[in-house]
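You will see subunit A twice below: alongside subunit B first, and alongside subunit C after that.
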Partner chain A sequence: MAAPDAPAAARPHVPPPGPKVRAPRRKGSSAALLLIAPSIVFMTLLFGWPMVSGVLQAFGGPEGLTTANFTRMSQDPYFWSSVGNTLLLIVVMIPIQFVLALAMALLIRAKPRGASAYFYIWAIPLAVSDLAAGLVWLTVFTDRGYLNSLLASLGMQPVSWLAYDNYPSMFGAVLIAEVWRATSLVFVIVVAGLQSIPKDYEEAAGVFGASFWNRLWHVTLPLLRPSLQTALILRTILAFQTFAVALALTGQNFPLVVGETYRWYTGLQDPNVASALALVVMAVSMVTAVGYLKLLRDQTEAAR
Partner chain B sequence: MADISIKGLHKTYPGSTELATNNVSLEVAEGEFMVLLGPSGCGKTTLLRMVAGLDFPDKGSISIGGRDVTYLPPQDRNLSMVFQSYAVFPHRNVRTNIAFGLMMKKVSREELERKVKWAADLLQLSPYLDRYPANLSGGQRQRVAVARAIVMDADVLLMDEPLSNLDALLRLDFRAELKKIVQQLGSTTLYVTHDQVEAMSLSDRVAVMKKGQIAQLGHPITVYEEPADRFVGGFIGSPPMNFLDGRITQQGALEVGGQSIAAPEFLARAAARTGGTPVMVGIRAENISLEQRGSEGSLDAAVEVVEPLGHATLLTVDLGGQTVKVQVPATAKVSAGETVGLRFEQSALRFFDTETQLGLTA
Partner chain C sequence: MSHATTSRTDAGTTRPEPGVDRRPLARRRRNRVLLQVACILITLFMALPIYLIALAAMSSRQSLQKFPLSFIPDNFSTETMQTFLQSTGILGGLINSVQVGVFTLVLSLLIGVPAGYAVARFAFRGREPYQLFLLFTRALPIVVLSVPLAQLFLQTGLYDSVLAVVLLHSALALPTTILITASVFLGVPRDVEEAARIFGCSPVQAFLKVVLPMAIPGIAAASIFTFVMSWNEVLGASILTLNQRTLPAQVLSSLAESPLAYRFAGGFLLVVPALVFIFFMRRYLTNMWGSTIR
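Our next item is the complex of A and B:
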């Protein structure tokens, strides 16, 4: 009982050494400030300044600050369909990508023959630019593309996959191309995460009677949570920015939000509305990231 | 409940040229407590992992309860295991860690809670049930691993150094506890340890391993008193058995360090035929007693070091150029530099072939 009281009793006598204690800390913080100064300068120049000017542009108009740009943005006939398309794409694509990436990563972890070859092959799309990926899939889905040639050689009728009036197949084509292109990012993160989990845990689970699915659900996935969280945040934010693939495959027929930004900027020559759109994308991305972090917080983290 | 029958197990790890287990055969009877004892790297964990189904042998077979399980995955073997690395799940608290196997078996909620409480009480983990492993000490984590294994009521219980990280007092406590629990459960147990006291006190039988092979298999007292070869004698016991270069003369005397005492019958007879043979003499420190120097049937030796251990005193003496450890009662009055007579207890003398290092018996 006496021990916990002691510091409280001693507290009134403490003030004199206060400044003495604080002095070295201030010195330390100025040294730290000096060390991060270069990155602060760079961040300000390359990140802060464009952002500030972007925000100003989004609210800018002929007679001072205004929200007119946002009104114009939302009244555009393409805006809401682009929002709908983007959300639909995210909701459908991300689960598919995670299941695929996990399956591939688990396959590699099982160390089949040539596991490292699979790894590199599956990681290749990471190096392919999105426009190039879109063009590759265009050669597949276009009216005289590989897919229709295949159908014809099988004696079937060719289909206009990318026709503006065939929404499901258009969506499917964009989805397939994006899944092909961007799953490798999730895959690489999950593989790295899996490698950092000692095999013991899965082995122990097996010894205690857990089947493959039980091991996956009760052991591997919870231990993989930090990697999955990172991958989910990155992938969702990047999915909001999907653009070039859809543009290459469908032109304007399948509008996406970032595509609209591009159209406002180059086609309609209105940088203010383009900035407003970009600002909306950024806000949504940030809200999503924070939401994921809150939602997926590891309960054990607090205890650690 | 089930017996374990291991036949001719060979295992080489990929990327290694040495056999991790080399033709290991072992029969563990139903409900038997078998201890695997051996120096680091001799293949104890490897053997256990193959019994568990975590690794598959290159050659040989394992059956549990008459069923061939050699290539069966671990979850189909109805066993439980304490891992050398504990493998306590970091994302589950102590309670759900202990309950993991029971959850997989889908036992009822009441039974699960009852068993977790039982195991936690037994291993003194009750105050920590809601903690995560990251907030436990190494010894506490190890106890969680043990608790998780004993709640399973499995046919076969595999334990890889389950007490290695506990302090001496706890270890003594849990050793007795463990013996009691395992008797209650009636599981067939394979227990790995470095600690030969643990091996002696717990086991029904001990298998001493060396470089992937079983060097000796037998009752712990037999292994202690009659080591099959020099390795076993030198590995078991603290201090280990003394080994002395000696010679059986044609006249039937045992010559050690230039002095002689009587040799046992069977060696004397053989030596009479061959005209004397070199031999390695093994004797445990506690089987040597002190005499007046020069007295009949004793060997003179110079005391070099005196180490009082409390319950006894350990002497290091020089016997004609060979170092011998002698354990004498704590009451003995000896000091370094003195010359004493050593009397070897005749029935405790062991003899080994100087070439093969194998034990010689009548």
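Our next item is the complex of A and C:
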């Protein structure tokens, strides 16, 4: 009886309570490195290595380094229209998505009856790919699709929504499909952001007689800034990568930059020009992200 | 303008207590109605397209030829789905997609869970740069990785294999897996782990027997997220494969020359998992996006 008791009593004494909390931390440094080492190796191999070889590929040619790939890229008739389409889509889509997502998040916060069902349905597109979203909306916009069926049964003339010579409606179809698919991401981020804001602030503002719009503009939105900021950066970077939705809806009629990369690689079998395009996409994404961070930080400082 | 209407109703109903102002109550009731109307409109926008593609995929080829199309499921048929599933490359693509998803999930958990645990529990030197590095890799466009990786895989003989896509998808999923699991482990109190240590568990035992079981729900959500990402990813999978296509890559590569019925069926098959995944993840969505991003 006494023999097994002795080590049991001794054990808690060896690491006394005070240093015990700190001990695993100091030892932790090597343990932590051991735990993160596989991820660092893996990411270096699959991010670092391809990035370097991607840059080399973009500037590579039969005779050493060259910018010929970029020249070929920019001389392609589809290139500039794909740049224009991508930018136009982003500029029009992002504000719509943010207003809609904010409205949806505020509706959910008002706790309507069936709020959890609404949340589920509104979040579904989060798990839908842009290819699938394009095919979903193809059922609506195709010539003999559901929108024209609706028009016909109302006695109106069907419209070729996705026709090559009908740019506004083609753009509108891609825009609606992307708003449908990607607003959910902003919505979920904003809902999460709203949950972390105590209701007291708004109630206080309400007690002092602030209207709904005043409370939204002066209380809720400033407090939501971190969430909106992440959503904005994430959404813009992801928007540059959209392509399959346009391919599914319009074929080659509405080219987007990443879709051009896909076409250069699989259709025209030119990995060098494809790499050059990929570099352009990356550069634009990075510049946008840094630009946003700078802009938003400046505004925060100006407000203080 | 609503004043006029509310005060008129007030005049009729406030006879017992003339002093009570019922306008706030009426306004409240009107707001509740408006709230429901707005919610229903948005729900229609979100759900109607899914209903329509389900309807199209469940119609016979013949009824898809009709114009105008019917908006109610009056001639249900599995013909379109059956034809689609029997097309070349679809069944193989489906199997490849599931394989890629599962292997990606396993690989990214094997590498990501220990790293997430380290980020949550240890204040090691270089933790901040490491987290920044993870955020940076999350922002990298897939297209930047895919094209060079295809060349590298061609040289190493990995090109056009399930493993090639698994490696790409794991690299894409890993930063998110690490950040999510880190936030999950932060939610497991340190005290429990220390209690296990005091009762004689080794660090590994304490992790496996005490911490991991408590973290399982959050890790499961992270794995579903990884699977969804892999299931949906189409560009990298198309560039890295030729014959071993995943389902979306197969659908994308045959878009131009396929009939509409094929595309509707393909779209429906791609959307169905989303309904299931979001249903199981809906409780975790705000946690995941709220805590991990910042």
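In this text, the second predicted complex is superposed on the first by the 261 of 304 C-alpha atoms of A that agree within 3 Å, B and C clash if a C-alpha of one lies under 4 Å from a C-alpha of the other, contacts with A are read in each partner's own complex, and residues count from 1 in each chain.
Basically, a contact is a pair of C-beta atoms (placed from the backbone, for glycine too) under 8 Å apart; a residue touches a chain by one contact, two chains touch by 3 or more.
Owing to the predicted nature of the structure, the values given are computational and were not obtained by experimental measurement.
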| item | value |
| --- | --- |
| Clash or fit, subunit B versus subunit C on superposed subunit A | fit |
| Partner chain in contact with A:131 - subunit B first, subunit C second, else both or neither | second |
| Chain touching more of subunit A, residue-wise (subunit B, subunit C) | C |
| Subunit B versus subunit C as contact partner of A:211, first or second or both or neither | first |
| Contacts of A:62 with subunit B and subunit C, given as first, second, both or neither | neither |
| Partner chain in contact with A:168 - subunit B first, subunit C second, else both or neither | neither |
| Partner chain(s) touched by A:200 [first = subunit B, second = subunit C, both, neither] | first |
| Which of subunit B and subunit C A:223 touches, first, second, both or neither | first |
| Partner chain(s) touched by A:139 [first = subunit B, second = subunit C, both, neither] | second |
| Lowest C-alpha to C-alpha distance for subunit C against subunit B (Å) | 5 |
| Subunit B-facing residues of subunit A, complex | 198, 200-201, 203-211, 214, 218-219, 222-223, 225, 298, 300, 303-304 |
| Residue ranges of subunit B in contact with subunit A within the complex | 52-54, 73-75, 78-81, 83, 85, 87, 89-91, 93, 100-101, 103-105, 131-132, 134-135, 148, 152 |
| Subunit A residues touching subunit C - in the complex, by the definition given at the top | 11-12, 20, 24-25, 28-29, 31-33, 35-36, 38-40, 42-43, 46-47, 49-51, 53-54, 57, 100, 103-104, 107, 110, 112-114, 116, 118-132, 134-140, 142, 144-146, 148-150, 152-153, 180, 185, 188-189, 191-193, 195-196, 226-227, 230, 233-234, 237, 240-241, 243-244, 247-248, 251, 258, 261-262, 265-266, 271, 274-275, 277-279, 281-282, 285-286, 289 |
| Footprint of subunit A on subunit C - complex, ascending | 32, 35-36, 38-39, 42-43, 45-47, 49-50, 52-53, 56, 65, 67-71, 110-112, 114-115, 117-119, 121-125, 127, 130, 133, 137, 139-152, 167-168, 170-171, 174-175, 178, 194, 198, 200, 203, 228, 231-235, 238-239, 248, 251-253, 255-256, 260, 263-264, 266-267, 270-271, 273-275, 277-279, 282, 285-287, 289-291, 293-294 |
